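Each of the two complexes below includes chain A, the first together with chain B, the second together with chain C.
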Partner chain A sequence: MKGNNVLIEGKNLTKVFGFGGNKTTAVDNVSFAFHEGEIISIVGESGSGKTTLAKLIMGLLKESAGTIEYMGKPRRLKRHSDRRKYWKHIQAIFQDPFSSFNQFYRVEKLLLDCIKLQGEKLTKEEQLRRMKEACSFVNLKYEELHNKYPFELSGGQMQRLMIARIFILHPKLLIADEPTSMVDACSRSTILDMLLKLREENNMTIIFITHDVGLAYYVSDTLYIMEQGKVVEKGPAEEVILNPKHPYTRQLISDVPKIHSEWDLA
Partner chain B sequence: MNSSFRILIKSPKFMFGACTLLAMIGLVLIYPLFNRSDPLEMIALAYQPPDAKLLLGSDNFGRDLFLELIYGIRTSLQVGLIAGVFATAIGLVIGLTSGYIGGMIDNLLTAVTNIFIVIPSFVILILISVSIDSRSSFVTAVIIGVTSWPWTARAVRAQTSSLRNRDHVNIAKISGYSTPRIIVSEILPYIASYVVMAFVLQTASGILSEASISMLGLGPYNTISLGIIMNWALVFEAPVAGAWWAFIPAAISIAMITFSLYMMNTGMDEIFNPKIRS
Partner chain C sequence: MSTHILEVNELKTYYRTRLKEHVYAVDGVTFALEEGKTLGIAGESGCGKSTLALSLMGFYFPPLHFGGGSIIVGGRDIMKLGKEQLRSQVSGREISYIPQAAMNALNPTLRIIRFIEDIMKEHRPELTKKQVWDMAAERFETLNLSPRVLNAYPNELSGGMKQRTVIAISTILNPKVLIADEPTSALDVTSQKAVIKLLKSLLDKGFIRSLVFITHELPLLYHVTDDIMVMYAGEIVERGTAEQMIFDPIHPYTKKLMGSIIVPEEGMKGHKLAAIPGTPPNLKNVPEGCRFADRCKYAQEACRQGKIANKTLGDRTYRCIVEPETLREWYANEGE
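Here is the complex of A and B:
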């Protein structure tokens, strides 16, 4: 699946929060190259800077130093129209489905906004058809929920709607920031399967942000291990998991709870 | 939004406050239609006690105090509302700007807000009132509004800066919303109930502030407000003359208006603040 064309490339990215005495370096001199159709997992514990890195790639935060190149050209996000163009290609799913929805609007509006972002002129029927199609892709019935408010839905339904949003937009790059950590185990595997199916259909690049090494190993081609803002190890998933070099990676792998052996909780 | 309005109607505190206030507004609007005389016309002797013809007696100039009271309540309500609108609008703009943009601008605006909080606003109110030559009730209301916004600004800033980092704001951003649209559709609805509550409080305190500075003789000219009625009673020694009707009804009116507004505020607080509701 992984192509050879580099889709997005970061060079020496650094993000510093605060100023003066209480500076925190959340992302420290990180470089990466993600290819078309590749699935990348960025693994690290809480506070390791993985979400900050994701927001830098999304363009929601401005980098303190370094550059990001999209399709070989430095990206420009100065003007609102530039950002709109960028976000047509780069989309995200966030961790908490409950806070991803604006509770004052009906579900329908979320999907309509996506159709508007694409900027095509569509008739009412065509819009409806696309929304129905997207809902059926994620096993939801458009007729049942289009005029519901978010608080009437379950967490799993909300997260699936977020995927329906991605289905309508079919971006080139999807950043999934712990998309399964707030939903139950059953919805979790369906959500993962849907994301993998999306990748197959659109040759989409997916970046998983996760603290779960097992999940990362299961889905991804490439792993980036982050510790305190730095990428300490990167490489093909197999190699990193089976043959870890950095002590932090080894610790992460040994911390995965295993079903068939006794847990050492001491 | 509709459902919260329905819950609001069921709240006894809110309904009590709202009904009292509406009754007073109704009285103020309707009574002058029946009694078309000028409230400043002298029709009786000084300090006549209440009787069947003069419901609340007369003041030192022999004017009908009940009629004066009606016009006074009207002016006071107007001043309170205008002050409330100004205070809420300024507080909202400053709070949203500093909360949403963050960084240096936030630090700067917070500093300005804190400076306004530590300067006693009543002193500013007195100083500005003294220095302005022609004070209409509108000017007085604006002065009150301009000195009482900082608390609204602080609260709005706090709420906005926590909302700004919520995921639905990020989703709106990557859905291509412009910043003004994000503020209107993603931030404002979440703080709307709070802003309405702040507006009610600002209106109540605006009425009290107007009464206080009018009491000192620094209120609006060419009009009657509740504070001015009390000022006349004070200057022309109504308490010495034993003419309680010259100041007690005005004081009770102020208390009733602000009390009903505070009741509305408490009722809203119980509904919009889930912590208190449960």
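Here is the complex of A and C:
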């Protein structure tokens, strides 16, 4: 998958919150280059700045310093239409499925909005066909769901519905911010399988944000380990996990319980 | 018998819906916990593990109702006690419970020490404020928590710290059994480890004697608990030692559950994760026979008829009609 074009590139990104003495540097001089079809994991503990970095990439926050280049050109988000165009290419799945949906919209409307965002003129039948296809992709039944409100669904179902949205939109870049930390182990494997399948079908770039090194190792090609806003180690997943260089990486790996070796609790 | 610190026999608890339907979230659960042992309960969301934990406390608030069975703590059936007796004698002293998201339960307008004073006012009214402070500070010190925390407001503490504080508060009366419901699921791995260390040190120092640990993180259970119990749709489907359950599961559901483990170890990459097709049965009308039959690829005609009895193999129990040898053969053929 690698060796493809660089999709998005960040150069010396910095994000500072607060003023004067209250300054907090959440992202500190981070550079990255994500390729098409690559799965990248950003790993770090709470407060290490991984979500802030994701928000910078999404364009929800403005960077304090540094530049982001999207498909070889500097990213422009000044006008509303620019942002709309950018978000057609970049989508996100968040940690808490319960707060990702508009509570007042039925599932039908939610999926319909995604189709409309693409800006194509479609017949009713075609729209229905696409929605059904998206639902069956994530093992949900459109007939059972379309009339329901988000709060009538379980957490796993909501998270899968998020993936159905992604399936309709097929963005170039997907940012998954802890997509599996609020669902149990079984739904987790289903969700991961779907994301990997999406990557294969659309050659999508996926950025995984997680604190679970095991999960990051399982899904990703490249790992970025973040500590206090800085990237302390990056490289191919195998190399980083099986042969960690930085002490912080080693600590993260030792904090995860394993099943084939002792867990050092001292 | 007396070595059992907690004994649960045929416990049934149900939720009563608005349509007056009875939904049995815990349906005939029987298990015993020996003194000094730790027990893990695993299962999918919605399998009834949190309801089981809540039921063990003996407090029932609508829509949850008690449906029968007995809970014996330290030789006493707590379901035969009155509400007042239960509150003053059992909860906190004999058995203590940390609910899910316990750290959000701290009142943001009170300092931590006030929660401890509240407990002491109820259970040890003879102590003065100074004595309570000294006792709490000493306890926090032994548990590697800074006594400074006592004077802090909850919002000054981080998530992991709050969780550890809640655990320290709920064990301040040295309960015999601590029931911890997903104490680590909202925390990152580093704080998770700190919480596990705290639970271990509570056990080592004898502040609690037994632990019931509920989570869906199986690698965690493997390191923390002696025994693991797997629940599915309100029933216990298998119980065995942690070692047995992880490496040699018998029940097809346990097998699938163990197949979904992700750890940062060699060979994990490219390894196919097990996903279970379908969804758990609706507890309003559970299927006759094996409740897992609809999602089990080994299901036979006989699985759907009559109640599946609990079988024992050595010190393990499992609920499947197929012999373990046959099941193992099938798993081996599958290459799982």
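The rule is short, and it goes like this: the second predicted complex is superposed on the first by the 258 of 266 C-alpha atoms of A that agree within 3 Å, B and C clash if a C-alpha of one lies under 4 Å from a C-alpha of the other, contacts with A are read in each partner's own complex, and residues count from 1 in each chain.
Simple rule for what comes next: a contact is a pair of C-beta atoms (placed from the backbone, for glycine too) under 8 Å apart; a residue touches a chain by one contact, two chains touch by 3 or more.
Quick caveat, the model's predicted, so the values are computed rather than measured.
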| item | value |
| --- | --- |
| First, second, both or neither for A:H260, with chain B first and chain C second | second |
| Partner chain(s) touched by A:F137 [first = chain B, second = chain C, both, neither] | neither |
| Partner chain(s) touched by A:Q91 [first = chain B, second = chain C, both, neither] | first |
| In the superposition, chain B vs chain C on chain A residues touched | C |
| Contacts of A:F104 with chain B and chain C, given as first, second, both or neither | first |
| Contacts of A:L117 with chain B and chain C, given as first, second, both or neither | first |
| Contacts of A:H211 with chain B and chain C, given as first, second, both or neither | second |
| Touching residues on chain C, where the partner in the complex is chain A | 44-46, 158-159, 185, 187-193, 196-197, 200, 216-220, 222-223, 246, 256-257, 259-266, 268-269, 271, 273-277 |
| Interface residues, chain B side, partner chain A - complex | 1, 166-168, 170-178, 185-186, 189-190 |
| Partner chain C, residues of chain A touching it in the complex | 45-46, 139, 154-156, 181, 183-190, 192-193, 211-218, 237-238, 241-242, 251-253, 255-261, 263, 265 |
| Of all residues in chain A, those that touch chain B in their complex | 58, 60, 80, 83-84, 87, 90-92, 94-96, 99-102, 104-105, 110, 113-114, 116-117 |
